[in-house]
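Every chain is named by a letter (A, B, C and D) in the order it is written, and numbering of its residues begins at 1.
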């Protein structure tokens, strides 16, 4: 945990800079016997990738995964799985000037303060390109969770700037609509309006934030740990570790502040829970209900609109970003949030069976 | 990390059940030479304690800290510091009936599903009584952070139910007001109104949520880690690990969703940053600005108003909670949020000097 | 792991100084449902304790375990188990002079160099008194390993100074003899000779080293991890973490250096292995054979024979240790080595079922 | 720690199978600013490599390191350093038959029992090929330790089979001799004899064990941690994690068993220690003396001499290993032991400055 490793037992270590030769990850602690092939990664990587529509950055990476280890005859062996993607469309010359300046809203200044150095090419390690490997690692997790426990992890865009879906239960969206447009937007009828909104935004040179909803169905009760390893605590860290995230909610989130306890607590009957204000987690442990998480993304700071900044010698400069960027980073963040939710669940599935045996071994049979 | 331990290098392991013989913690990895005496804990423990006003639970614990180890001649030695508090006002008979029932909104059901058993007395391990030891451990962290780096960690209540402070800059409150009322409320003139609000709430048998703001001034630039050990990611986990928390924001938080990039990015001049929408953290690393965190607490689920529930055999029961409880857990949460912020900063101070040397050793001198 | 915590999933954190108010531990990650009572600890703690015979230090501690948390109605709940022992026979005045001096062969000098301070009373944290809590924690591990998997962990003294057992298969000793004498010596007939040896040693004011053999029967195949989490690697760390240990061997150990591969490799037949030079571990993973470990203890450095030393100001002093000490620390180390073996196996049992499911779930049925 | 990661703060995660497409590692937590180029790895990798003399396996790998990340303009940036080596001389057909059999003395059977599967090509993950990446990662550690603290880590072969160096102080060998022969042998005059010995051994089809001595000079006092993070405990784990290791000693090791305390304890004078039986570590913390470690390697089990074994269905088979193997794995192990010693020291250097500040910050000035 910490540094560049995520997870206690299902451990994902990522590496690579945005414009370096390659990015990659090592997935350690993976159960043996999972069928995995390079083509399994294509779907989610394409969902995350830039350059597929005019609404995301123009950078186009093939994102071809090479499996370097840990898979034999098409199945995981229990040894570390290394995945590698070569960077092919890195235009570092775009960043020559930026190397001497600190872009406001970026990690340029803080990396410099921490390390006394930084790789300025495309943001180096602080680029969202790193999230490619989170999505790749989560493909393995999603597969195992689905096959073994029937867990399904899905996300959608719940707000973009000040635009909200119209008719829409955000915890039970029209999933076919979500996957049919480049915005992961749950309201199909609204897509043309969104395209107009995004076109105007791109033209203005500005950017907006977004809210992503990510949901897990089929999570068995009992995953999570008391106190510091709470399922929701680790979800919060997982989401907040994604570039540009500024807020995380579980269940009703900040709406709980103004709620009454008599409304908020989720009554139980022999047929199950009557509501899910808690978002599927009680005392840090899954309740068997849908796990509900909502994530706030700030607007991209990389704009062609000029801004006051300083250079590495502390002098005032006007900064204009000319590289390729997303006018709304939240759009592509949907599969990344899904990935982090899957990684957290995977890790907790393993942690639970370590301490308590597998689902069903220890827990009494109570209606979920 | 995980389970009942918080922190990578400054590691706090807590133990104890609400109505067991004692609660305690072990603080490991602490720098040597910090002056610590039992009386140093009194102030913050009293701020967190119940039974001091009619607005919190009537349980009255002395919370007398015994230092069992790790301190010699009044100073830390670098070996583990064990702190112990005996439970004295545990009325477990209040919970006899509850032992056979799952209280909605509590961890009763999920602990049972996970472990096949639970200690029902006062909520056992899932009780907020555990947070006593977080506050105690953070007393050491606060002291070292203040003495060595001039860091100051403070919090206040920013919303209770639907009541907001009137004239009030929540990032720069009137701290003397905050400490002068039992609500940690930054607007002194509003306190009588709040007392009326709380009295009515208590009388109704219901509860409300709250929002706590927690701020750190004086944090040097460079603390935090890229990617999974981001300062904000670990803050999110720290806050979400507190009982009843449902949301965490850094800086502008969810307000970033509707913001434009041209407004949100914090411009820099040779004299420093022009704003702090980011909340003092860029790319997971502190920028030298105020660290700003906002935390949502749900309303207590323990009410004397009846609710549908089930018992351990899955039968329908009506549940009424007669134990002593807070009508708004968020009130006492202010020192707990401060504690978690201090623990995260302390851990990152040590992690930073491990990799990069101490503040000032590696980083170039740039206006902060 | 590291600092004062042992184990990844079954985590034991110990605290306390030799002459401080108490020692204790927190056992986190323990499976729920294990029957544990204070009296379960008595047997192994008595085996480890001083003051029971004239051959060990005269310090007499009751070692009465108080269970502070994690056990409800006689069974573990899955929450942290805190165990506490008050120190009662701490004669710190014995150490007044030593506080200003560095005892050769002790940690006095190195703690001072590391921390700039130390608790000199009875060696503070570096005293073997800390091992009381290892033995206590391992009582829980031994119980679960025995009940769930039929694992049996036992040890004996295999050499003391230059005295070796006479007729004796050290991997298959006469266990009834081992437990019938204060030396854990496997050759009953030799005990009077040993007593004479020890009496003469004590009289001379000198000390000797010892070799402890520790064995686990019934370990299922498959526990351990490739590469850095190898079962033998963690056993080596576990043993070397015990005070005064200078060497660890698995299976044939250093005798393997002069062996031929054609003799050393353990042939297999459909009825199982033909020998066990490897000591029950291949490639870091248990083979289903007896796990065999041998541990070298140095002679105690605390002697009433004077030795050259320095004081805290760097001046030459003659050092004489007058406190109560063991003439052979290796004797009491037998239950400590057992404890560490049990803790390593327990941790790996949980780690194995995390990644691969429980024993028998994944592994094919091959003759063990 | 554990699984395929070594180190707490300077973390090395290795991946790759012997005959898979590549092996590699990710070095995380590395201090920024260290000058590193691909050619820096060549010297130590060549020392470890097979195929350079007739006395090691005939497999010839170029071991060309590609730096994939974490280095910018020739210096480390503080982000993860990924190193990759493509496997080029993997002759997997040599192993076709072995895929259905468990080679005695190998990890074939235990991997199968653990994971229910294994990659049989060249031993897969259990091959010593993995150690290439330990040596590579340690090149970075050695460089920083030397530049910053003047630490020097070196090893040599101290015994091969029953052959011992003649005139030879094993803690202070003739280092120029060590590097001038393919055996890392400290006695130049004895090399022809060793060559004859090895030629005869190879011809016989058998193998022998070896003992490697590994020494660190210039380690400052104060590195290491009390109790479970002891410097010697982690050294023991580090060495035991190397393929074929069966024993580890610190300082006098097993010779301490028969020693008297009056001889073994290392007296101190104002000019320093009078001896170093302890091997440079007291109470788990470095004393400023030479760190002394001795490691036992078993003889290779892969022989062309037939042995009884079983196949994956449990039937008896006669096993003959025809692949390319070392008649004495201990020979090439010298740089691997050096690597593990360097990695442990590097990790502890960072851990020490995290808790106590950098060397000299906290510790009093006492003659070392």
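In this text, contacts are C-beta pairs under 8 Å (C-beta built on N, C-alpha and C of every residue); 3 or more make two chains touch, one makes a residue touch a chain.
Protein identities per chain, from UniProt: A, B, C, D = Chorismate synthase.
Predicted model only: the values in this text are computed from it and were never measured.
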| item | value |
| --- | --- |
| Chains touching both chain A and chain C | B, D |
| Pair sharing more residue contacts (C-beta pairs) when B-C is set against B-D | B-C |
| Distance between chain centroids, defined by C-alpha means - chain A, chain B (Å) | 26 |
| CA centroid of chain B to CA centroid of chain C, Å | 39 |
| Distance between chain centroids, defined by C-alpha means - chain B, chain D (Å) | 45 |
| Multi-partner residues of chain D (each touching 2 or more other chains) | 3-5, 14, 29, 32-33, 78-79, 111, 114-116, 125, 226, 351, 356, 362 |
| Chain C-facing residues of chain A, complex | 9, 29-33, 78-79, 226, 350-351, 353-358, 361-362 |
| Contact set on chain B toward chain A in their complex | 1-6, 8, 14, 102, 104-107, 109-116, 125-126, 130, 159, 161-162, 206-211, 221-230, 232-241, 243, 245-254, 256-262, 264-270, 274, 277-279, 281-288, 296-303, 305, 307-310, 312, 314-316, 330, 351-352, 356, 362-364, 366-367 |
| Complex contacts: residues of chain C adjacent to chain B | 3-5, 11, 13-17, 20-24, 26, 28-29, 32-33, 66, 68-70, 72, 75, 77-82, 84, 111, 114-119, 121, 124-125 |
